[in-house]
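Heads up, the next two complexes both have subunit A, just with different partners, subunit B and then subunit C.
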Partner chain A sequence: MTATATEVLETVRAEPTERWSPSVQGWVARLLVLGLIFGSVLWATANVPSYWADRISLAAIYAIIGLSLNIVLGYVGQVSLGHHGFVGIAAFVAAYYATQKAGCTVDTCSFNTFMTATVIAALSGAVAAMLLGLIALRIRGLYLALITLAYGFVAERSIFEIPFLTNGGAGMPATRPDGWATDREFAFLCFFFLAGVIFVDWRLLKSKVGRAILSIKHSEAVAATYGINVTAYKVLAFVLSGLFAGIAGSLFAFHETNVVSNNFNFANALLWVLMVVVGGLGNRIGVVIGSAFFALFPFLLLLIGPLEHFLRDTLHREPDYFTIVIGSGLAILTLIQYPGGIGEQVAPITRWLGGKPFSMHPEGHEKHKAPKKQRSGGLLAKVGLHKSQVSTENNTEELAALGRAVEGSKEDDSE
Partner chain B sequence: MSSVLSIKNTGIRFGGLVALNDVNIEVPEWEIVGLIGPNGAGKTTLFNCIMGAYTPNSGTISYRGTDISLLPTHRRVAKGIGRTFQNIGLVRGLTVLENCMVAQHPRIGYGAAGALIGMPRTFAEERRLRNYAMEVLDFLDLTHLANSHLDGLPYGTLKLIEIGTVLATDPDLLLLDEPSSGMGPDEAHALGERLLKLRKTLNLTVLMIEHHVPLVVGVCDYVYVLNFGQVMTSGRPAEVQRHPEVIAAYLGGEVDESSSEEDADVPA
Partner chain C sequence: MKTAIVVGITAALLGLILILGAGDDAGPNAAVVIGVMTGSIYGLVAVGLVLVYKGSRVFNFAQGEFGTVAAFIVFILVEQIDTNIPYWAAVPIGLLGAVGLGLLMERVVVRPLMNAPRITLLVATISFALFTIGMEIILFLPEAKVLRPMIAATDATGKPNGPNIFGYFVEPQNLIAFGVLILLAVVLGYFFSKTDLGLAVLATSQDAFATRVVGIGVERMSRFIWGLAALLGGIAGIIYVPISGTLTPGAMTTGVLIPAFAAAVLGGMTSLPGAFLGGIVIGCVQSLSNWAGFNYSLTIGGVVKPLSSIIPGLPDVAIILVLLFILLARPQGLLGSEA
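This part shows the complex of A and B:
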């Protein structure tokens, strides 16, 4: 038996067909472009005026919120209109811990306190989202969206009104950690967290967890027959979303330095849904770009000089106000014309950066790519056989019967 | 030989509709057992009960001697029961290969933490999954489709891919729901060959719902006939084929008092 098995492994091995991979120059070019993109973002953060750096850190926080919402909206396929609840709860928990428990003053707060506050905030966000996940096991679609909406409002009206947690209308102070207190430094801190969240999102999606969640989105019945624990993975997805939202909430608290309940309202939740849709559902890079765009949008608007005068003096509105108006328009455009969102528009570039040839269509080259065969102790090795050894000769009797039956049916058909 | 699957006195009711009533079915080791019957007889409902999608009101379902009536679907899959669906049970949006990879879910040797950190073991496992999936596809002569998306593939091919994904779950018992639907007579014949080959090489036991009579006659060792949620008769395919009640049930003869076409089979 052992001898046969060894032989089998030998025969199963097939010649590996070559996969397209970029040349050395190709890799260098890709690294250069990648370096240019990251370099310019970091350079801009280091050199723009302070109030712009402040806005850039908000963009990073929005990107984390976008990725959090993307798990629910893009991967699980459910709508959450109550994300301001998770973010808000986490923000207040972080501020409460830093100011009331760890003794941060308006002037100073240690970095360790900040980190602990963020961990606690992330966990509280996860717990809050888990509740919603348990509800989502029973209810989905429009009704779940309504429940999340109610969830957000309940959080606004109850948790955000607890005096000891939120300090009433005055707000709960959250001093930025020492060494990261300026707008510019804090923006870099936010980048670190964004990078971490992107990494976790990427790793999980690339592994069995992501495949399981995607299967559940398409069909729960099929996912279950693939041996996937539908209940556990659905709750896990919500927990993960809450975890990201919690991190974002904590960063938001320290970004604002004073958290008031007005920071979190339904308009935010709506804006976040819009930015994920415009970024591209389920598309990590698209969501990050979309979120950052929406966070920076009011400032970009102000770059057009006369427009500021028009908005402020003629319409008497702050530029922030127009984000949601333009966002709705972009969302409609996305849904009708470009379903893949920003992510799909930049996909040729991201594919190229990822080491594939440049092509405008996702499967331009893959269609002709023969998949690589490798040896393995798999399906047939289990029973000590190879495909070529599996003959149907022994089945002659059964097959003859089958053949006769099929012939019979054909005759029936022709009659 | 011992029974792989034994269904005893199983019944299920949806409101006033009795979908299954006192059903007794034995699937012995290494046999291909057919399940036939007119539309709405409760065949797919029975599959749903076996997989745990529905909970029967009465009776027990045991797999290799242990009662599995209370296990959730994914635990039954892990025990070695694989199932295909009447309409295509594949994850659209994933490629053929990815479908075969997801289907190996219970046997993946790394946890969420391992996936997160990206341990060497994780990558080794991912490679193993891919290879195993390729081998399954190779076995069904589907390797050329490994990287294609499901949209646009012919129905019969999708049915075959579905069998591939079920094989990827490493089953001992296959539940096939109309595997030959969407296939012509020749393809159905080829499918029959494949099933016999599968059974021989992988030591599988099969319970299949099938309407294509030549396939049932050619492949099945034993046949159960369901009608109005009850086992009407059972026996060797050739015997069952000649059974007057079976002919009546299919062609609507005098034995059939009410020709109600209530479809209890809820598509998955």
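This part shows the complex of A and C:
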């Protein structure tokens, strides 16, 4: 023995937890499925009738709007009922720039003009959102929802009625850029922008900024004690949301080719909120699917021949009428029964595509296979954990999950 | 303080009318009369909003739709089925429909989310409102319809039926709105301060758990609140729709809900008298700024332009400015306090 008073023990390294990784065949299968999904979407866009392609580009625009709302609603945890304000302002700015400043005519408009218009529109959306974000610093929760509502109301009743923007009410023309003018080509253009927005959203959420924004949602006080500048990140989240909304607004303007104030009303803003809820708050893939579903819904009804006949000839109702009912019904169902929305329903597939084993449970297949010895009710069962599991030795993950669930259930109502 | 505010606002309105003097149909005093009349409708809807906020701590975006549904039911009875069905028989059925919708909403949406975060419940009320609007579109098509007022605005010879107040012929329907508002203010004020049931409702809104402990059924109170709120919404809808002239799906949500929110917030969101007062103030702000927009002008670059063409939608902007100012400067509103 040495002379030291305390015995120096050999350093024991924690055994590295074995990370499951798919085999080569597994990766090939995943790539094949992924390719099949994207391939069929692109193939469909390239081959369906023109009016379908038109609707698909609208679905992509809705998806961008959904992602924009998702930042405020899903990441920051505030409701924005004024998004038609951002989208509309950006659409009018884009159309105004293209037609009045850059000299696009009804027949031709250069691609560079379109890009410049989109950049300007995105910036104007960001500025519009920043103004709202600055107000949002003082007011939270329900009252902020009211402020966003008021913001949209002012935009709808006042800004969209300014004669030089709306061309005296007749609408501001926005000609699609040369080379991308047909419905099909424009749909692909919208896909490029959607891909860009998804990429930015994804990388940003993985960064320091994203973690900071997410931490604010859970507790502003805790975030502040960790040295996160709550004020700055909140405004940043709004600005980012406005930026995406601006891009969507510009695409919307060129999609419609003539921007009228009627395109952006209160009911639209509400429907956009619902499509994000149905898609799954904070779930990127779910939001994209949900938004596309809301945009395509009337057309999906038409796919079923007998149903179309029933709606049009027996009931004398347009398929469009059913979007609101089905959409809001789904939203109620989502809120009450399936809070994760579409995103949670497709989560096993997206997890599998992301290189994890196929499992219906987020913790992975190991836990899924754990024997269910006793049935226990209450909170533990509610969050998908059983007492037998929690009391096992290696329970840090379960406890963390439980902690998250409990924290989520008593989330403050932010008066 | 609160009494001073009420007295001050009333005096200001009266003073405005007296100082500006009797004028013609388009004068500022007529604008105040119009404002008080529209304001009564906002007040009626705002009272429903306040009631729900007291009971469930949420902004009810479906409050307007209770009114539209009631108006649609009355429309079916008095316009579509038989024009001989008297109005007084149709109104209770319409109100019953509204109350039924309120109870349905309480059961389907509110009760399962009673302990959810308030934002979730808020989105749920939005979903329910949109669902109702969607059903109205499917059942009645989006085209605008006309519902006749309870008492015709002009008699057979074209002479106005209503009284002339400061040079403005007030429609009978507007007088009904104002009368109902005053009546409800008294009845509800008594109900929430003197009766056991009213006090139980207030207790539930303050601390649901403690209320349950002393033996008051929280679910029963919640049902009662939503039923009552739907009744108030229904009354507002049946009165407002003939005044506005058109009945479209979502008529009350697009036309009245946002000014009513402004009124409720102005009154303090928890105060019933505040909601009445807020409604009237918002109505006056709207009609006075509308009047000012046409009667004042600025010279820009040598061209004289009326305010209404410089700022489109001036009355709506004015409402929102009041709302913003209240939220930022006095969040508890004019008469607000806890419960």
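Everything below uses one rule, namely that the second predicted complex is superposed on the first by the 332 of 415 C-alpha atoms of A that agree within 3 Å, B and C clash if a C-alpha of one lies under 4 Å from a C-alpha of the other, contacts with A are read in each partner's own complex, and residues count from 1 in each chain.
Rule of thumb we're sticking to: a residue touches a chain if its C-beta (ideal position, glycine included) is under 8 Å from a C-beta of that chain, and two chains touch if they have at least 3 such contacts.
In this text, all values refer to a predicted model and were calculated from it rather than measured experimentally.
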Contacts for A:I162 in the overlay, against subunit B (first) and subunit C (second): which applies, first, second, both or neither?
second
In the superposed arrangement, which partner chain does A:G179 touch: subunit B (first), subunit C (second), both, or neither?
neither
For A:A150, is the partner it touches subunit B (first), subunit C (second), both, or none of the two (neither)?
second
Tell me the contact category for A:L142 with respect to subunit B and subunit C: first, second, both or neither.
second
In the superposed arrangement, which partner chain does A:L274 touch: subunit B (first), subunit C (second), both, or neither?
second
State whether A:F266 touches subunit B only (first), subunit C only (second), both chains, or neither.
second
Looking at subunit A, which of its residues have contacts with both subunit B and subunit C?
409, 413
What residues of subunit A sit close enough to touch subunit C in their complex?
77-79, 81, 135, 138-139, 141-143, 145-147, 149-150, 153-154, 157-159, 161-163, 265-267, 270-271, 273-274, 277, 317, 321-329, 331-332, 335-336, 409, 411-415
Using the touch rule from the top, collect the residues of subunit C that touch subunit A in their complex.
57-59, 61, 108-109, 112-113, 115-120, 122-124, 126-131, 133-135, 137-138, 141-142, 250, 253-254, 258, 261-262, 265, 309, 311-314, 316-317, 320, 323-324, 327-328, 331
Sort out for me which residues of subunit B touch subunit A in the complex.
51-53, 72-74, 77-78, 82-83, 85, 89-94, 97-98, 101-108, 110, 112, 115-118, 122, 126-128, 131-132, 134-136, 138-139, 143, 146-149, 165-167, 169, 185-186, 188-189, 192-193, 196-197, 200-203, 212-215, 217-219, 268
Spell out the part of subunit A that touches subunit B in their complex, as residue ranges.
12, 200, 203-204, 206-209, 211-212, 214-215, 218-219, 221-231, 236, 363, 366-367, 369, 371-376, 378-380, 382-383, 385, 387, 390, 392, 394-395, 398-399, 401-406, 408-410, 413
